[in-house]
Structure formats: C-alpha cells, structure tokens
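Below are two complexes that have chain A in common, paired first with chain B and then with chain C.
Up next is the complex of A and B:
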C-alpha cells in the first residue's frame, strides 16, 4: 500500500517538474514575441517618408493653411500602415502649437514611440513654414 | 542500516527532480532574458531614420519655398521674396537640430534672364510666356556618425505656349487658340484661364458675351475660342493662366486669318 502511494507521488512530482520546465519555456516564448512587436520601429523612417510624400504636391501645407485637421487625420490614416497609432502636432516657425484639435487615431500609452520633426513649407504665395511633429507607435 | 539509507535515497529522489527542474527553468528563463536584453534596440524616442530620408525632406522643403516665392512674385510680389523665404527656411532648419545639424545656404541665379533668381517673361508676342525661379543650394549635414555635403538646384518653371488664328464670321471673327501649360517642361493643368483681346490699344476680357469657350483636354492642352467684332486685320490675344500651384503666367499672340 505504502509502495503504491510512493509511486503515485513520483508521478505527481514528475508532472510538477514537467510543468515547471514548460511554463518557463512559455514565458520565454512570450518575451520573444513582445520583442518582435517592439522591434518593428523603422517607424520613424516610414513616418518621414509618409510626410514627404504628402508634402510632395503641397497637400500637407494646404491642409495646415486651411486648418483642415480632420482631413489631415484621415489622409494620414490612409497613408500610414495598418496597426500604427499616430499623433501629429503642428507648430509655427516659433514653435507655437497651431492645431486646434487632436490629429491622432488613438492613445500612445506605454508603447515605444518614434518621433519625427518635419519642416513643412506651404506653397501658398504668402510664405508659411511649419514644424510638424509626428509621433508613431505600433499597436500592441 | 543499508535498507534505511536506500529508503531515504528513494524518498528524496522526487524532491531532487523538482529542484533540478527548477534549476533548468531558471537557466532557460535567465538565458532568454539575457538574450532579450542584449538584442533589444534602444527606445526610439528620437529620430532613427536614415539621413538620406531627411535630406530628401529638406529638398522637398526648399522646392516648396521656391514655388511659394514664384507664386508670390508672379502675382505682383517683389522678386526679393525668394531670398527672404529661403533665409527664413534656412533659419528654421538651423534651429530644428533633429538628428543632427543642418546648414542650408543658397545662391539665387542672376544672369541675362534671371534677376534675384526670378524670371518673368510675359510680353513677347510669339505666344510663349514663362514664370521661373532658379536657385542653387548647398546643404551641410553634421550627424552623430556622419557628415554630408550636398549641392543641388531647384528650378521651378511654369510656361504656356499659345497658337491661334481667326476666321471671318459675318461682320465679326471667330478666334481659335490652343494653349499648352507646362510645369518644369512637363504638361500640367491650369487652375484658371482668362482671355483678353486687344481693341483700340486696350485689353478687353473675353467672356460669355463673346461666346467664350474653353475646352480642357486634361493633358495640359486647352482649346479656346471666342467671337469678336473687332475691325479687320490681325487679332492680338493675351491669355492669363494660374497653374495649380498658384503661379501666374501670361502670353500674347497675334492671330492672323486662317
């Protein structure tokens, strides 16, 4: 009877050992996955290319000149890759914020953030120069 | 005695298994954590894009500044506006300090056509009108790991080419024109077109009372026709165009009988 119980305990102990090893493997795997998400940050480059593209025909300057913040938000949502959160702030050349409403598609909370400063010159005959700060993060 | 020892050994071998498993687990976890920490990239709280991207953005900025200056100068502004715009832009880049230090300098072209980098040629009667701005730039970039010097030229030109003739229509004339619009030598669209014709030495706008018709072919070519009761002889026509960038240009042409 005692020998039989001892056998059962061995089995339970073996199960515990297997459980411990597998849980450590699972934790390690989850760490690696998180790393992959964070690593996707040539985001700054993507953001800068997006702003340059939008500025190539003067659209970026026109949105800002007209105060069309919702139009700018929608355009950025279309141009940036899916799963990217952005927050854009527009300053004049003396670094005073001029956008009167948020130009963002979500909250940047706790993610690793890529930040870009872009000088936008409007094609308007009255010279206007803006500093655009675009902050980007990948949705976790 | 031997039996007791064997019993104790047998009792503790399960605990040993758990301790060994724990040790292996800790080893796996610490190795993974170490590899993770070592290979983890630094937080991208500042710019981590290549300097080439930013240089492209600066070229884009200078191009827009030249367009803005030409739009201003061609709509009645001072030609010195180009220098003024570029000075402000260079100052903005100097104060930005993003990813490195940027020094932008420029030289506005001065030659037989250009003055302070701007050339407006509107008065010829050969049907060609040109509004152009030209400046050479030097960009010096001092990054954390690299130094770059780049020279480039920005030439913004809006031009129109007019050709036309008239056909007699009763006591009046029907004037037919073809207007081609170019941006930097490539076909471009116009934002608006205004047509004038000369009567007794002054320019009169052609409008609906002249049955003015402008057909946009969508490829930078516009067919224009209108009627005039002007007296016999050639008809002097002037076409004024704003392109989509707001740059103004005009051209004059003498229309003879077809």
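Up next is the complex of A and C:
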C-alpha cells in the first residue's frame, strides 16, 4: 500500500516538473522577443548610401580634387550615424593612395569592419577617376 | 527520470532556439530594410500627393517625383507628416497606404546637427536694449564649426544681422530700439563650414518691451504646402501684419494671395538656396502683439509608433539614411517592427 502511494507521488512530481519547465521556456522565449530594438548593423549599406549622396552633386570629387581632407573628414563625421567609426582612403586610377592625411574619426581595433569600394569621377574639366575605400565599424 | 527529462529538454531548447531565432531575425532585418528603402525611394501614388492638401495617397512613398538623385524627398510630403500641418496624414492613413499589414513603423527626419540659443544677459541702454545670446552648434555634445545667419523680427521690424563664423560656440549681441514693439524673435540658420548642404536652424522668442512670449502655436496655425503658406488664426480677434520667408541667403516679405473662411494664404517664393525656409508671421491678438513661426519643410518630424512604448511589437530595426530635401541634407531614421511570432 505504502509503495503504491510513493509511486503516485513520483508521477505527480514528474508532471509538475514538466509543467514548470514548459512554462519557464514559454516565458523566456516571449521575453527575448519583446522590445528588442536593434540599430542597423548593415554598415556597408549605410556607408554606400552616404557616399552616393555626397557624390550626387560632385562634392566628393571636389574634396578630393582640392585635397580638402579635413573637410571630407568633418563632412563624413556629420553624414554618418552617431556611434560609427570610419576610415577612408582615396586611391587614383592606378590604386596609389593619394590622401596625404588620415580621413578617420577613430581607430578600427578589433571590431567587425564593413568595407566599401566606391568609384568616384571628378567633375573637373580634366577627367579624373578615384577609387574610394570606406571602412566602417560600430563603436563598442 | 525527472532529471533526465529536464536535462534533455534544456539541451534541446538551448541548441535549437538561437539558430531559429537568428534565422527569423536575419530575414526580418533584410525585409524591413527593403521596406524602409521603398518608402524613401518611391514617390507614392499619385506622385504629387503631397502638394494637394485633400489627397490621401493610395500608395505611400516620400520621394520627390522630379528628383534626379535617389534619397531626395519631397518637401510637401515631408511637411504632411508633421503634426503642426493642417493637412497632416494620420498614422492610420500612412499604415493603410503602405499596404503591408504585418509591419508597424516610425519615421523621423531631423537636421544632421543641432543649433541652440540661450539669452545670457540683457543690457538696458538709453533708447535701446542690448541682448547677449550664446549660440551653439553641436552634434551629440561635439561642437560643429558653422556659418550662422541671424535675423531678428519684431513689430514692423526685420533686421538681418549678417553672417557670423562660429567654431561651435559664439556670443552675439543684438541691439533693438525701445521704439520697436515686442516680443521679438531671433532666427538662426546654420550651415556646416565643411559642407554648405548640411544645415540646421533655431528660432528663439524673447520679451522686448513686452511680457514673455506665449508658446509656439498659441495664436496661429501655420501650414506650408505647395509653396503656399496657409495661416489659420486660433482666435476671432486676430489680425496679421507681416509674414516673412527667411533662408540663409534670402529674406522676403510674403504677399497675401487669398483669404477665405478664417484662413489666409501667402505665396512662398521658390528660392534656390540649400536651406530650410523659416516662415515668420506677426500680428495682433486683440491688443497684444505676437510672433509665430514655422519652417518649410516642417522638420524635425516624428510620426508613427514609438518602438520603446509598444508592447505588441517583436524585434524593431532602425535604418538610418542621409536624405536631401530642397538640396539640403537631413538625417532620416525609419524604425520597422513586426508583430510577435
């Protein structure tokens, strides 16, 4: 008689345990999807869109033609979203670096880096073609 | 047995849940990103829905139909997102015309940097008063070097204070004769020194020979649309005196075009200036002089569901873009989220 009762208690225990596990799984699953606001991690797309917009009126080519590296750095600092580190390198059509100073707002150390290559044509009467490499990372 | 079941279930769920969740997340991120781009690259239907105050779009899109470059938004479509505009689209109208029932969204458009004005001192002179203002241009607490154009508006009085160069913070004195009635309004239009298309603005109302100015929108509702400013007084005994359009390089007095049913229309000039147009209206409410202002396009603007307040949304993704409106650059952020899976 006692042995039968012990068996019944074990079965009830097992059902209770399963119930607790399922409910905790269900609650934790719903908690992880709620209010999960994620900033865009598609940095390459953001960078390309920014360069395209800056190039739409020839500004990008004008900065490069004039060697206005600080102007280009300040413009990118304003155009790119907050919390994004960038490093831009400008090459001529033979892939020789032509920017004489760093066009960056921080060090890209250890973060996941997105890299974009963009071909820019100067609107000067003298045809010039530049390759712009923009590397981006999110500040950690 | 219980321990065995427990450990087996925990292991299974911990192994399976993250990949399932991530695959849904990646798919949603890509899909929502395409929706955000669609809103900014598509003109909507009809293509000029922003210009006509009575038109509710069949398809929602903010792009300028006449623009040659992508991510160029229509000044009127953007203005119709603002709650300050008489002809604002409701969130329900945006949601319906977007025709994607399983997403909620929020759109924010604002300048790429901010301009702040503080009145720091007042000096009473003989026949005139000098006000000392501190003007700051910054982004996230970092100073932005800028060129500043300042205007002061008071009763029958518009003064162009010229262009001032600022490294991010500048103190400026404004002297106004005591013969001029107030309150007065200081309008600051700022252009980044590194790129003239990166602009910002602020308007600061202050007492001059008058009591403190009332909050913005107390006397008039100003709604710019299709290069026409519609002015609707909030009280019957309101009369308008002057209406100005101020940009970085131009200032002009607006001409009244029509007046009907308590609303008065003024033509806004089409100025070729990479600058927002600050529209200032002055007038009398009974015996009290007032100044009201708005900007065309009506930014900053924020419309839609706030992701932090909504409890019914699952993952919400933010997409940031640089957009052009009237050839000036602004920051546009589109938040998109779906229902819980």
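Throughout what follows, the second predicted complex is superposed on the first by the 100 of 140 C-alpha atoms of A that agree within 3 Å, B and C clash if a C-alpha of one lies under 4 Å from a C-alpha of the other, contacts with A are read in each partner's own complex, and residues count from 1 in each chain.
Assume a residue touches a chain if its C-beta (ideal position, glycine included) is under 8 Å from a C-beta of that chain, and two chains touch if they have at least 3 such contacts.
Please read these numbers as outputs of a predicted model, since none were measured by experiment.
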item	value
Contacts of A:13 with chain B and chain C, given as first, second, both or neither	both
Which superposed partner A:140 touches (first chain B, second chain C, both, neither)	neither
First (chain B), second (chain C), both or neither touched by A:23	first
Partner chain(s) touched by A:42 [first = chain B, second = chain C, both, neither]	both
Which superposed partner A:50 touches (first chain B, second chain C, both, neither)	second
Dominant contact partner of chain A by residue count, chain C or chain B	B
Touched partner set for A:127, first chain B, second chain C, both or neither	first
Overlap of the chain B and chain C footprints on chain A, listed as residue numbers	13-14, 17-18, 21, 25, 32, 35, 38-39, 41-42, 45, 49, 52, 56
Parts of chain A lying in touch with chain B, wherever the complex brings them together	6, 9-10, 13-14, 16-18, 20-21, 23-25, 27-28, 31-32, 35, 38-39, 41-45, 47-49, 51-52, 55-56, 58, 61, 93, 112-129, 131
Chain A partner contacts - residues on chain C that touch it in the complex	1-2, 5-6, 9-10, 13, 17, 21, 29, 33, 69-71, 112-113, 139-140, 144-145, 192-195, 197-198, 307-308, 311, 313-324, 327, 329, 331, 335, 340-341
Contacting residues of chain A [partner chain C, same complex]	13-14, 17-18, 21, 25, 29-30, 32-42, 45-46, 49-50, 52-53, 56-57, 59, 70-72, 74-75, 78-79, 81-82
Chain B - residues contacting chain A, complex	10-11, 14-15, 17-18, 20-22, 24-26, 28-29, 32-33, 36, 39-41, 43-50, 53-54, 56-58, 60-62, 64-65, 67-69, 71-72, 75, 77, 81, 84-85, 88-89, 91-93, 96, 98, 245-246
